[in-house]
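Chain naming follows the written order as A, B, C, D, E and F, and within any one chain the residues start at number 1.
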Amino acid sequence: MDLSSLSPAENAQMQRIIERKQMQDFMKLYSGLVERCFTSCVSDFTSKSLSSKEESCVLNCTDKFFKHSERVGARFAEHNADMMNQAQQGR
Amino acid sequence: MSSQNIEVAVAELDMITDVFNRIVSSCHSKCINPRYSEADLNKGESVCVDRCVAKFFEVNKKVGERMQSMGGAGAGGAGGGGSPFGM
Amino acid sequence: MDLSSLSPAENAQMQRIIERKQMQDFMKLYSGLVERCFTSCVSDFTSKSLSSKEESCVLNCTDKFFKHSERVGARFAEHNADMMNQAQQGR
Amino acid sequence: MSSQNIEVAVAELDMITDVFNRIVSSCHSKCINPRYSEADLNKGESVCVDRCVAKFFEVNKKVGERMQSMGGAGAGGAGGGGSPFGM
Amino acid sequence: MDLSSLSPAENAQMQRIIERKQMQDFMKLYSGLVERCFTSCVSDFTSKSLSSKEESCVLNCTDKFFKHSERVGARFAEHNADMMNQAQQGR
Amino acid sequence: MSSQNIEVAVAELDMITDVFNRIVSSCHSKCINPRYSEADLNKGESVCVDRCVAKFFEVNKKVGERMQSMGGAGAGGAGGGGSPFGM
């Protein structure tokens, strides 16, 4: 994203908006992850506590999701860098 | 514009509503028979819903603890786990 | 949620925001319920009207969804009360 | 700040858009063959879509009537059916 | 939707809101369509480029989605017109 | 109120975040074994994720080109393809 066309005041306001959005995104990421790991790991309702197998599934699910997101983020950043380079060469 | 206080309170409200809606949806999928031959929750469904809510909260806690132990899962930081900006 | 740290003016603004959100949530609940019951109950498209069997399915689906939500809401409230008690004992 | 009138009109617009998107998505799942061997809707898919939209509106009406008969399904009240605040 | 009860100033503001919403909706439509066609058409990850079969599937998926949306839009508009007529006859 | 510049930048930010989240979700479904017997991505999953992201971007490009060739898929216009207002 190219923020260089914004004035300093606009830039400051933009930073505040980005911060708020990051907090909202983080909240959604968190509750979405809980739902995802719950859906995949819990399907026995003969008890109201997690079994040790379910618990280990939930922890692996959480770890794996972050590793997955990080890997996607790295590929995503590479792709965006490529796009920027192509756009600049096209000038 | 809204004050900082309001913003925090609204964020908290959104979070609680979001969690509630996800529990409603997840436990509906897990416990409610989609044939809908009756209007009431039967005994099995009711018990399932109660346990489902309890287990969802347990998963919520485990995931939260895990994220915190990954370090810096404070407000605004995704704990290093995947944002499109690499920030 | 602890609103006691808000000033009276902030509290009034917060009430307005809550009201607007409740209306939005109600709208989403309604259209989400329609989609859910449609998906579960309707799968025959040889006619353009609901069969009596589909209609009864939709009504049961609606009733059951509200009973389900109420039950989840009750458990949710109990859980939140427990959390508050624990937090206060921890002080 | 927006006036009350604007708020009502925006809420109505959001509602219509939401319903439209849900019909598009639901009827796509019900009627469109996901193998995509052709670019056009075939005869069967077209007829299915028309009936699907009609039936979706019927379900919309039935659910709305049911919620109203439950009492107090007016703006802002979930008719006693499940909010995380028990209000 | 009946906008006749709005003042001219409100109407102008409403138009701006509608324009912004249309842009947001268009963005969501676009990324939702990409996700939908990706999910339906791509499931072989032995290569990092689309096969010609996958590519043709994606193009058909895109075309078909727009034709589908247009058809739903036409039925939707007819339905709304019917509702308005009924409401006016009921006066 | 926000200036035009800010609005454009926020829209762009929303778009990028939305695409990122859809890739995370789609490639998770396509590549990650939901049995969760281990905490790390295994070799096969890692390779799958890399290819999945590349293919998602290719699909993104194809769909974008297709929509543009349909004519007038500019900001704010759905290229004639389905809005509830027939505008």
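The rule we apply is simple: a contact is a pair of C-beta atoms (placed from the backbone, for glycine too) under 8 Å apart; a residue touches a chain by one contact, two chains touch by 3 or more.
Not measured: the values here are computed from a predicted model.
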Far-end chain from subunit D, centres as C-alpha averages: A
Recurring contact interface, reference D-E, options A-B, B-C or E-F [over half identical by residue number]: B-C
Centre-of-Cα separation between subunit D and subunit A, whole angstrom: 29
Subunit C-subunit D separation of Cα centroids, rounded to whole Å: 16
Interface hub residues of subunit D, defined as touching at least two other chains: 14, 16-17, 19-20, 24, 31, 50, 54, 82-84
Multi-chain contact residues (two or more partners), subunit E: 25, 37, 41, 58-59, 63, 65, 67-69, 72-73, 76
Complex interface listing, subunit A residues touching subunit F: 1, 3, 5-7, 10, 13-14, 17-18, 21, 25, 36-37, 40-41, 57-61, 63-65, 67-69, 71-73, 75-76, 79
Subunit D partner contacts - residues on subunit C that touch it in the complex: 19-20, 22-35, 37-39, 41-43, 45-50, 54-55, 58-59, 62-63, 65-70, 72-74, 76-77, 80
Residues of subunit B defined as touching subunit C within the complex: 2-3, 5-6, 9-10, 12-14, 16-17, 20, 23-24, 27-28, 31-32, 34-41, 45-46, 49-50, 53-54, 57
Contact set on subunit B toward subunit A in their complex: 7, 11, 14-15, 18-19, 22, 25-26, 29-31, 47-48, 50-52, 54-56, 58-60, 62-64, 66-67, 70, 75-84, 86
